[in-house]
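Just below is one structure, and these are the notes that go with it.
Going by the order they are written in, the chains are A, B, C, D, E and F; count residues from 1 in each one.
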Amino acid sequence: MNAPTHVKTPANPRYVDRDTLFEVERFLIREARMLDEERFREWWHTQLTEDVHYVLPVREVRMRADKKPVGSNPGAYVFNDNYPMLDMRIRRLETGLVWMEDPQNYIRRFVSNVDAAWADVAGEVDAWSNFIVYRNRRQRDETVVWGTKQCRLRRVDGQWKLARRVILVDQRVVLDKNLYFFI
Amino acid sequence: MKDVTKLILEDGAVQDRRIYWDQDIYEQELEQIFARAWLFLAHESQLPKPGDFLTTRMGEDNVIVARQPDGSIKAFINSCPHRGNVVCHADSGNARSFTCAYHGWAFGLDGDLVTVPLEHDTYYDAIERPRYAMHPVAKVESYKGLVFGTFDASAPSLRDYLGDMAWYMDSFLDVPGGVELLGPPMKSILNCNWKVPVENFIADGYHVGWAHAAALKAIESPLSPLAGNQAYDVNTGLQVATRGGHGFGVIWDAAAAIHPDGALYRDWIAQREPLVREHLGEWRARFYNGHWDASIFPNCSFLYGTNTWKLWLPAGPHNIEVWTWTLVEKDMPEALKQMMVATNMMTFGTAGMLETDDGENMEQCTGSNRGWVTRRGKLYSGMGQVREGTHPELPGIVGKGSVCESSNRGFYRRWAELMSGRSWEEIAREPHYAPNRQVA
Amino acid sequence: MKDVTKLILEDGAVQDRRIYWDQDIYEQELEQIFARAWLFLAHESQLPKPGDFLTTRMGEDNVIVARQPDGSIKAFINSCPHRGNVVCHADSGNARSFTCAYHGWAFGLDGDLVTVPLEHDTYYDAIERPRYAMHPVAKVESYKGLVFGTFDASAPSLRDYLGDMAWYMDSFLDVPGGVELLGPPMKSILNCNWKVPVENFIADGYHVGWAHAAALKAIESPLSPLAGNQAYDVNTGLQVATRGGHGFGVIWDAAAAIHPDGALYRDWIAQREPLVREHLGEWRARFYNGHWDASIFPNCSFLYGTNTWKLWLPAGPHNIEVWTWTLVEKDMPEALKQMMVATNMMTFGTAGMLETDDGENMEQCTGSNRGWVTRRGKLYSGMGQVREGTHPELPGIVGKGSVCESSNRGFYRRWAELMSGRSWEEIAREPHYAPNRQVA
Amino acid sequence: MNAPTHVKTPANPRYVDRDTLFEVERFLIREARMLDEERFREWWHTQLTEDVHYVLPVREVRMRADKKPVGSNPGAYVFNDNYPMLDMRIRRLETGLVWMEDPQNYIRRFVSNVDAAWADVAGEVDAWSNFIVYRNRRQRDETVVWGTKQCRLRRVDGQWKLARRVILVDQRVVLDKNLYFFI
Amino acid sequence: MKDVTKLILEDGAVQDRRIYWDQDIYEQELEQIFARAWLFLAHESQLPKPGDFLTTRMGEDNVIVARQPDGSIKAFINSCPHRGNVVCHADSGNARSFTCAYHGWAFGLDGDLVTVPLEHDTYYDAIERPRYAMHPVAKVESYKGLVFGTFDASAPSLRDYLGDMAWYMDSFLDVPGGVELLGPPMKSILNCNWKVPVENFIADGYHVGWAHAAALKAIESPLSPLAGNQAYDVNTGLQVATRGGHGFGVIWDAAAAIHPDGALYRDWIAQREPLVREHLGEWRARFYNGHWDASIFPNCSFLYGTNTWKLWLPAGPHNIEVWTWTLVEKDMPEALKQMMVATNMMTFGTAGMLETDDGENMEQCTGSNRGWVTRRGKLYSGMGQVREGTHPELPGIVGKGSVCESSNRGFYRRWAELMSGRSWEEIAREPHYAPNRQVA
Amino acid sequence: MNAPTHVKTPANPRYVDRDTLFEVERFLIREARMLDEERFREWWHTQLTEDVHYVLPVREVRMRADKKPVGSNPGAYVFNDNYPMLDMRIRRLETGLVWMEDPQNYIRRFVSNVDAAWADVAGEVDAWSNFIVYRNRRQRDETVVWGTKQCRLRRVDGQWKLARRVILVDQRVVLDKNLYFFI
């Protein structure tokens, strides 16, 4: 698991062409709408590779001089899921027994600052984007989550699919009661 | 100080709702409970080397916990005695000293003032150093690796404070190699009173089948049949309230039950249980393979088996911070430790499938008390009160079945004792709850 | 309890500014007003069938209002007596029972506990059910379709509570077919004290020409000449303060005046007015075709004619929620109902052109009292006090003209009575304001 | 009036070509800037069709199992305006007598997640986008509104114009004192 | 009222931490300090013409400050006496009158009620106007262009209030042409108690070398060697605490020291200093070319030389608004004024490199006191107490060196005096701190 | 210094072609990521012209009728920096002695509503965009800044560089303890 606290763009990114960037942006925007619309099963079936790695690390607050490596065999993470684990989460939502999801919540995902470069592996790209997720529930329960995500996309049968996503929520203390939704 | 006599009734089974809402009661809790009781600070494994430190909170007070050159552990308030600045902003690290960012005073690993910039030219070498040490936590003690601290010099020893709960916790603490906490801690918030999650962990086997029905189904573990309360047998567990407000419920033979693929863990237990039996006897071998929901008074909880370790940090009467670690045995193979982490994260991490269910309930249980009329009402936790009692072989008050509210009542009895403001000696002297009934 | 004697002076014309700001006064309001007075819950038309329910608030207490199998309406606090969870999260719906998400207790339409999971195995069938019913609203009564509730069993009947205001409101409530409220309610927030909008609706004809000048111009209705106070005639209306703190102002012949294209509504009135005159007499036929700004003590307001219906829900001393419905006559043709909704939304909905003006003023009138010195000052509503009096044919205190502050003063007199903490009987017995002057 | 509580992308959207999507995005971004700059009359004259329908429904919190239809002849909505009604709102703002608008407020509209598909009617597109509106007033009055909007755009004389807009604010209780501004 | 005797000890050198946190102490400050003391309102140069006005705050009270037709300046609370609305929303401007947006009452430049819409038809010409004037600030006075106001009619004159501080401030106020404040004020927030920045400016030469080490290095000015406390000589400055709680520290010959390219300013000083010496004597010529950190009790601070002027507006016990202007001499050439602004913005503006350092420390110094145990502790400012004393030629208590805490203690002694609630006369009569030691 | 309180798009903007707009958008997005990643020195070296003017004015709250000119020789501004002044700020950050920057803060910049028109000067464009900056520090210190920025970009040796930026933060009172970061 890759669990960086702060990330850097690689030294000489091979930025993708405009056509590819357009496709990447469409992928991320349509994926966000799919999740806003609660089409989780469709998302799992159509947007993910079967070797997908979906990661949201816990970010520590450490001095800059503290060179303790982070990220190898960590003892905590919010998400560190593979394809079956994501399936399990979706199956839970599909039971109709998740009381906090009824009445339906409003969750809105905002995608911005999309950029992309070719990955080392042919036919794969690394996409950067920033996100905001707004959640409003019940009568007045309101929270916002901010951060960035790095996605590895792979072209499979002419379609882009998500092969890896590392989500960095810009918070030490998650300022919400949970982060169980997909970002 | 508020008279709490009327707030807890019927031996802990009835609570006045104001204890979950009112600011003045909360402040009395900070004074009578959080400034007196032993509070969880860390596990020793988090501070292996001299100079290792971490920052945490005791009640709403920020503290630094540091491993000393002599191997001992000390703790002190993370605020500079000069003008009050917070001194250390890192979650953890290794340091020789702590330097304040405002005027550069530096403090040793024990909190003593060691460096004063321009000391000669401004204080004329007349500074009375001991006066300016960082405020020490009065006592810091460990119990089998678990480090606690108290601001109250008159508090009993940690061992006495834990009382019978230590005997029970030995079931997993006193294994060969001991335990450790894996972190860093996850941190999130809940808009709830701090007592609500404590009681959820100390005594609430009841909600599992209903609140977690969806997760139980999705996880496809031996616990799945509990979903929707389709299965429950009173003989599959029990509940214990110990004298100090600590307590737990246990389901027998279920330590590994929540793990989606528990084979690795079950093998481990099968291999270790004989050692526990030999060392601690039959009962504790049973506890070793049970699944526990538990709380250590006042605000530390855990689920042995799952294996989550929680600290509920108060931040006002309706708000807490939730800190989460994974508890493992040190001798477990790395792959098993990783599985323990994975299960904990998937169930009780910040995106955990059961954490999500609980957080919602905890917030709503608190928030409803905003209503003025609502708040003048009571809440009830009388479940199993008619059958609880003493046990011929087990210490504390024992309730029947894992679905029971005995340890909830034990928690509130202790809460009322401390909130009264009486001294530790007075509390120890007076008679306490002892139902004249024996549980087989 | 705070002595309120000095907070309201000169027969209600002078208010201490602290009543709009201080937390302790607010809490006394929750106790002495919102936990005692009759509070608006719903219109019967919102709950046509057995099992229909809606959720609302009484003061800061969440309640469920439900149509019973026998056709009656009951209300109870929306918080589970077990551990306090909020039970129902929907705005409205139809249900057979309400199930708590935490441990699955289920409550009937009347709030009684009906289902306890694992009852036999955990409570040993010894659970005392009546103790665990959801806390009932003490009395729920209807007046011509309008449903109110009170937490105070000693409160007078709803009819007595409404008093003379009922006689006036009959002008539009007691029409053939009656009225209904169209929703769902819009909900928004205002950072203002709850009394500020109540007084705006009960008595504030004065602000219309100035605060709403832009909207009056843009709407191009018969009211446009009021913009900038270009036109006002004291004989075109009057104001009434009734004994219970209720009151209103009226502009004659203006029910349809704010509607941008009011022909449809004017035709309707022309057709219905004779029926009202025949049934209720001359005065109330005039009221039927008047435009009213009105409040029912403590926190329900409406504009008859426009036709907005408002509930101002307190949420702390400086915050409220605003709920808005449209009031229509049931027998109105669908097209007219739609026009009534459209006008209400365009004027007093969340994007309403006049709502916008008022909200700003209400927030600023509250917020200025944050200042410590400011807050020690007074506010004044003495307009028309020198000419108000009794009327030979109309009940209550009558003020001259629609621009007047008579009903504002009536509201604050009632506020002071209830805030004193005296019983309903004591209040009823004592002498009350009666200016020795007659208004023609 | 169409007043959905939660919306779904149609089953097989005929996504527009890149040229058209570029135009749609320009339309939405320039329209937002026009509104931020208070050019309301220009907006009314140049960006709207005369049969425009401008809708912002009230969203109820209802159980998922509650199949009561929403949206037909509703008894409440925040906006349900046609061309003359929008004109009336703008005339009000033009009087110079709206005291809460003087001193001028800061209102900033953020457009994101733009996507578009051809509508059933030739020459019309359905555009999705998410929005954030930030409002800051007086000394420190600050609020944010979050949601999504669905726009029907029609090409008129070579220019795209707004023919219908359905705005979904992701809140049951509007967490502001009003929503009178255009989104 | 809280007894403050125990909150400030050892002649101001020890403070109870609760004074930075507790709500009740804060409210007592609003009453005993902000409703009594002279508070900074403006510089006369901001209101050159009749009708010029600006809005500001005194404590938490909003006020309008306006230049009258007769050239005097008046101030009054910015809240309408009718229903409380805020009347003026502009930062500043020029007006003939102020019209309330709610009902259109208009008030003159002196706050008197001048226009009442529909007066004849609604008040029947019987409105008692003086009663409805906007609440006046009791006294408004200027000292060499600096305008202050007090809500307390019994307060001493502004000149007496400033006391010896005026003598010192004359060093730069009483120059030919005088001074002016350039704005508009920047405004930002800090989550700190209002006293923390006041003490930072009044007496904190100590933090400069440590907290601002990075900025001192980056700016490359004569002050760069101070970074990391590499250089300090006790003879390069001194500190003064004057009787009224005002005070400052000074570094000799350093007025222009922080300016990255200070030649223009140094030339100006070289040219003006002889005039100051001639007019005010040797000492004040030295002060004229010193760099000052200073505060005027209670909440106005400045750095002479840099040249920042600050107002710390309280907004609750843990929150303030920071307002910042640039102080310049009126006769400075435009290019020099622009340089003064540029330096101020680069150092103490909202993105100022030193402002940033300080703000962080001020917030953390406040926030640590959230802890219940922490808050029961003390803070210490005893630096240089053993050597401070009276001076043969300078008024007030003089401390040695610019790094000293003498004026910090003077501030807290004054704070305790006023917080006691005693009258101005009582306070003046009683003996006050006078160390029996002389400083050369 | 140009210090407007509210700004307007010029009457007849000569909007740039799609290729140029694409480049402008890439510039702004990659610049934002560079700043998020604390590559300040690289930013100073590669993204700015040497005659850059970096401005963030103080915005007053004034009546609409108040025609007092703003912006000439102002007595206050948050930024009014040239190339050496920006260098000085960066040198401060590079000392390693800025205590509030250690542990590292999370600062995330969101770029949206990008649009651009040719400037009067050949080879230069005026770019509009809206921004949100989210800052999260220590354990729970969280603030958000909202506004718009107008950038003059100049093509230098085939690369776009920032020649002028006017940032409008939509607040009278900055609702944070400082604004020292670059936007």
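Note that in this section contacts are C-beta pairs under 8 Å (C-beta built on N, C-alpha and C of every residue); 3 or more make two chains touch, one makes a residue touch a chain.
Quick caveat, the model's predicted, so the values are computed rather than measured.
Among the remaining chains, those touching chain B and also chain C are A, E. Note on connectivity: the fewest steps through touching chains from chain B to chain E is 1.
For the pair chain A and chain C, the distance between mean C-alpha positions equals 48 Å.
Centre-to-centre separation between chain E and chain F, using Cα means, comes to 32 Å.
Note: centroid distance chain A to chain D, computed from Cα atoms, is 28 Å. Among the residues of chain C, those touching two or more other chains are numbered 89-90, 101, 187, 211, 360. Of all residues in chain F, those touching 2 or more other chains are 61-63, 96, 99-100, 102-103, 110, 112, 132, 138-139, 172-173, 175, listed in ascending order.
Taken pair by pair, the chains that touch are A-B, A-C, A-D, A-F, B-C, B-E, B-F, C-D, C-E, D-E, D-F, E-F. By the touch criterion stated above, chain E contacts chain D in their complex at residues 89-90, 101, 187. Those residues of chain C that touch chain D in the complex are listed here as 89-94, 182-191, 211, 213-215, 217-220, 227-228, 260, 321, 324-326, 334, 338, 341-342, 345-346, 349-353, 355-357, 359-360, 363. For chain F in complex with chain A, the residues that touch the partner chain are 22, 26, 29-30, 32-34, 36-39, 96, 102-104, 106-112, 132, 134, 136, 138-140, 142. Of all residues in chain F, only 99-100, 102-103, 138-139 touch chain B in the complex they form. Per the touch definition, chain B reaches chain C in the complex via residues 17, 20, 196, 199, 206-207, 209-211, 229, 232-234, 360-361, 364-374, 377-381, 383-384, 386-387, 401, 403-404.
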